[in-house]
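Okay, got some structures for you below.
Each of the two complexes below includes subunit A, the first together with subunit B, the second together with subunit C.
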Partner chain A sequence: MGEAAHRYEETLPLEYRTQESRLNILGFWIFLGAEVALFATLFATYLVLFQRTGSGPTAGELFEVKDVLIETLLLLTSSFTCGLAIFEMRRGRMSGLIAWLLVTLLLGAGFITFEIREFIHYVHEGATMQTSAFLSSFFVLVGTHGAHVSVGIGWMILIIIQLLQRGLTAKTARKVFIVSLYWHFLDVVWIFIFTLVYLLGMVI
Partner chain B sequence: MKWSEFFVTGEPLIYAADVAIVLTMVGIVFVLTYFKKWKWLWNEWLTTVDHKKIGVMYIICAVLMLFRGGVDALLMRAQLTAPNMKFLDAQHYNEIFTTHGTIMILFMAMPFIIGLMNIVVPLQIGARDVAFPYLNALSFWLFFFGALLFNISFVIGGSPDAGWTAYFPLAGNEFSHGVGNNYYAVALQISGIGTLMTGINFLVTILKMRAPGMTLMRMPMFTWTILITCVLIIFAFPVLTVALALMTFDRLFDTQFFTMANGGMSMLWANLFWIWGHPEVYIVILPAFGIFSEVVSTFAGKRLFGYKAMVGSIVGIAFLSFIVWVHHFFTMGAGPAVNSAFSITTMAIAIPTGVKIFNWLFTLRKGKIRFTTAMLWSLAFIPNFVIGGVTGVMLAMAAADYQYHNSYFLIAHFHYVLIAGTVFACFAGLHYWYPKMFGHILNERLGKWTFWLFMIGFNICFFPMYFLGLMGMTRRMYTYSDGLGWTPLNVVATVGAVLMGIGFIVLCYNIYYSARYGERDMTGDPWNGRTLEWATASPPVHYNFPVTPVVEDLDAYWVMKKKYGGFHVKEEDLKPIHMPSNSGRPFWMSVAFFVAGFGLVFKWFALAIVGALFIVLGLILRSFEDDDGYYIPVDEIKRMERAARKGA
Partner chain C sequence: MGANGHHESFPWKHIIGFLLSLVLTFAALWVALSSGLPLKAVIVIIVLFAIIQASLQLFMFMHVNESDSGKVQTFNMVYSFFIAVVVVAGSIWVMQFVL
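What follows is the complex of A and B.
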């Protein structure tokens, strides 16, 4: 810390101006590196186990294309609207920023709703976490992603409240930027889930 | 879970432990109340975000855990001294070797290393604190309550008993019914989250907060090893997080990851565990290499030989550490091609390690060697670690490993690398940096007694185990029959273990003795050190450096002393210093983690949810917090500097 902590760089984007913000953003990038390792492990587990279906259904028998496509569209769009929110923030427009964050939130909530529906549907078909190794790894991988999205929604609500309370400052801008990094990361993970879990599952 | 099974019963040792725990708690409460120290404890320690105090707390916990793990070890040695002993039964023995391994690696070696790095790294790079002081406090308290949760298992509910590797299917519900392995899964998870955050915190600290002029290639070797260790933590610990989560799901919610039926694959656990576990052994050994580098260079009075080669070999070791994990189960039957590949990568680690050994030897060459206690530990490390390393290469030969696998040969090997590497380094680092932590030197005479007792005891204890292994004694056997010819070597090993125990007692006495009578360090630089931590007072004022030092070369403080006669601060250069505020939230959030974890262990989900809600509450409060720390005014800095430098 020290003087350096408050070295203010006028030329940088708002979220990068204080030393504290620069440290936080770098720290969050590194955290995302750890998250990559975490999801990589879950993917590896899934790929090892996904054909070990025991007496339960296989991936091809289970997956519903329509629900998954809707989820994918909702989440990919939310990543785009999240990008628009940052764009508005860089232009210094509070109303645009908050509006796009709200749209992002709603799309994220829609994604979670469809995912929960999808899970309930599987459970009604008798495909639970306890049925087979394939389903255990499926529910834990996709569920971990879903839990991340849910945390992201709660987090974004907190940040919107702070934006309304405190306005767009170096600190709130940094918080918005970090949650946007998180949101895009979850989008990337979903692309891998869509490909390696759903598409692969329906092909093999 | 029946209430009658809640407390562990039936063993006189456990009842004695119950009494000891209650008495200790009553004693602590009495002392704190009698001396009116509750407020002091809360304000100075439980809420602190000062990296030096956090480091001290880590080391206190590590020493306590060394005691706990050491008692486990002595119980095991007592049981194995003679054939057909009835001292411990099979179940109790299983629990003790499990907790011994888990505690020594995760709750002794890790916090000892993390404690030293907390104290030293910000000082070595000329920083005032770590990048995220609040997070640092949270890391510590998560470790603390994880360790606490793990330790209460032996009086409440029963300890884990499937080995520190917790292999499936043994650790699964099919074969382990009690809550013991739930403790393993949940307690390690809680402290593992803390470790991951420490890794991120120190990586950012080292990358972004170095004093002006300190390029990467001017960093002290200890800081270099911590930098690489952080990278290992960041990529290895998430694997443990996942493995433990899957274990928790299997045990609490009957999923099928590692089970015997419905497609479960028990060897998946072994793979995940060691994909974390092998980098983990380098997480505890690389900082040890860093400590030895500092100590050898200081007490040889020379710049570290082959600095660049040292950096290169740490990076090389770190890279290789991720691609050797299969050597822990060559006998799994993965086939000659897989085993050969992992055999070669494993042997390749000997090359960068050998480079480092030679660099230490060349640093010593023509040095004016001072045989301080810290230096003795470092010098003893070299031959002892080489014995461990060479037997490691023997184990790395996949075909031969079928003979050595899970025998006492393996036990001897990894104790030779972990004790002669990590534990010797912790002791070397403790003696070396002790004046920096507490302002007085650990008594050298008692320190040397500890060293000789422990080092000789260590060799008497573990060297015979190589031969016991070759004679066919396998690990984790709780007793053996007469007439196998193992008895004499087992007796010798127990004698060695007792010597190590005595060495530990002398160390504890030394801590007490030196606090009362030890030589005070008034200079801040008792060893004629080379790196920036010796430019501060002993112990440093909480902001570390009144002005940020400027680094001109490797061995920054050595250069300052040669060029300018030391680190001088002009009072007119002082500016107000910004420092982070204390917070009680890391503490109570970690209590919430403990409560949630305890609920999960016993499948009391209502309790787990209550704990989880408090964790979420803590996160929300943190998000809304608007505390940017405070400034120390210049007059206050002047006053504190004069007070700290009175003796200099």
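What follows is the complex of A and C.
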């Protein structure tokens, strides 16, 4: 590599310093584009079917504002703290990075706990996946998002273990950055679930 | 190049993004449940708020337009949202004749 190119790389944040890392990050953005398409198909299915409630409850009868708001605020705040983790990483502060990642994990686990409680509550009210087309598409859409959050929690735990073992290097910084992109993306999807599933369900 | 060695000492971008997201979340909730607007207006407003909030996440938290491939990344995400709109709006439009 030329001297000038090398000097330029030194000015970049740690996660962008090797060409491999830059391509990994670009590749992950393309993966997120594919994830948008995946969730689009689930949203399409849900929005076509959500008024087909059969003999089961309607969205308006089922959803409760308070529970939805708690889940929304937990995930939104976790996305914010994940951003703060990257901010600390770019300042080279390992302790701040780990601390904010742990806060993010706790908030994510809180979100999943509330979501599982919500699902159990619905099933106890007789609203299962088999009850109606509305509930099938609801559980598949919201459940797929919940599965993504669960995977994200496991992934982030592994990344934290690597950080503790190997320290902050160009490689671990890139891994932290990519898991942060994934985590923010989960909140992007949730914004649309909040709006198109819960708010719309409570209005119509 | 947005991502360079020079770094702010306080995460203003994140805090502004977070506060705006909170405002948009509660505003959408109010428009949907308490504003008393007609249904069509409610849907247009809350979807608009969701798109703004998603953009905040992408630009304030994920820095989609930073780095040398920032333009490619931004175009990739804009294109994927275009696909999403086609799939969702197209399905609703077609299926209203069937169901």
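The rule is short, and it goes like this: the second predicted complex is superposed on the first by the 196 of 204 C-alpha atoms of A that agree within 3 Å, B and C clash if a C-alpha of one lies under 4 Å from a C-alpha of the other, contacts with A are read in each partner's own complex, and residues count from 1 in each chain.
Just so it is clear, a residue touches a chain if its C-beta (ideal position, glycine included) is under 8 Å from a C-beta of that chain, and two chains touch if they have at least 3 such contacts.
Predicted, not measured: the structure shown is a model, and the values here were computed from it.
Undergrad: Is A:T41 in contact with subunit B, with subunit C, with both, or with neither (first, second, both, neither)?
TA: The answer is both, since A:T41 touches subunit B and subunit C.
Undergrad: Look at A:R52 in the shared chain and tell me whether it touches subunit B only, subunit C only, both, or neither; answer first, second, both or neither.
TA: Touch partners of A:R52: subunit B and subunit C.
Undergrad: Which partner chains sit in contact with A:E71 here, subunit B, subunit C, both or neither? Use first/second/both/neither.
TA: In the superposition, A:E71 touches no partner, neither subunit B nor subunit C.
Undergrad: In the superposed arrangement, does A:F87 touch subunit B (first), subunit C (second), both or neither?
TA: The second partner, subunit C, only.
Undergrad: In the superposed arrangement, which partner chain does A:L196 touch: subunit B (first), subunit C (second), both, or neither?
TA: second
Undergrad: With the two structures laid over each other on chain A, which partner does A:V188 touch: subunit B (first), subunit C (second), both, or neither?
TA: So A:V188 only meets subunit C here.
Undergrad: Once the structures are superposed on A, label A:E118 by its partner contacts, choosing first (subunit B), second (subunit C), both or neither.
TA: Neither partner.
Undergrad: Looking at the overlay, does A:L26 come into contact with subunit B only (first), subunit C only (second), both, or neither?
TA: Once the two structures are laid over each other on A, A:L26 reaches both partners.
Undergrad: Which positions of subunit A sit in both the subunit B and the subunit C interface?
TA: After superposing on chain A, subunit A residues 22, 26, 30, 33-34, 37, 41, 45, 48, 52 contact both subunit B and subunit C.
Undergrad: Once bound in the complex, which stretches of subunit A touch subunit C?
TA: Subunit A residues touching subunit C: 10-13, 16, 22, 25-26, 29-30, 32-34, 36-37, 39-41, 43-45, 47-48, 52, 65, 69, 72-73, 76-77, 79-80, 82-84, 87, 90-91, 180-181, 184-185, 187-188, 191-192, 194-196, 199-200, 202-204.
Undergrad: Of all residues in subunit C, which touch subunit A in the complex?
TA: Residues 3-5, 7, 9, 11, 14, 17-18, 21-22, 25, 28-29, 32-33, 39, 42-43, 46-47, 49-50, 53-54, 57-58, 60-62, 64, 67-69, 72-73, 76-77, 79-81, 83-85, 87-88, 90-92, 95, 99.
Undergrad: Enumerate the contact residues on subunit B facing subunit A in the complex.
TA: 127-129, 131-133, 196, 199-201, 203-204, 207-209, 234-239, 241-243, 245-246, 249-250, 253-257, 259, 261-265, 268, 272, 275, 543, 548, 575, 577-580, 620, 623-624, 626, 629
Undergrad: Taking the complex as given, what residues does subunit A use to touch subunit B?
TA: Listed in rising order, the residues of subunit A that touch subunit B are 1-6, 22-24, 26-27, 30-31, 33-35, 37-38, 41-42, 45, 48-49, 52-56, 129-137, 139-140, 155, 158-159, 162, 166, 175.
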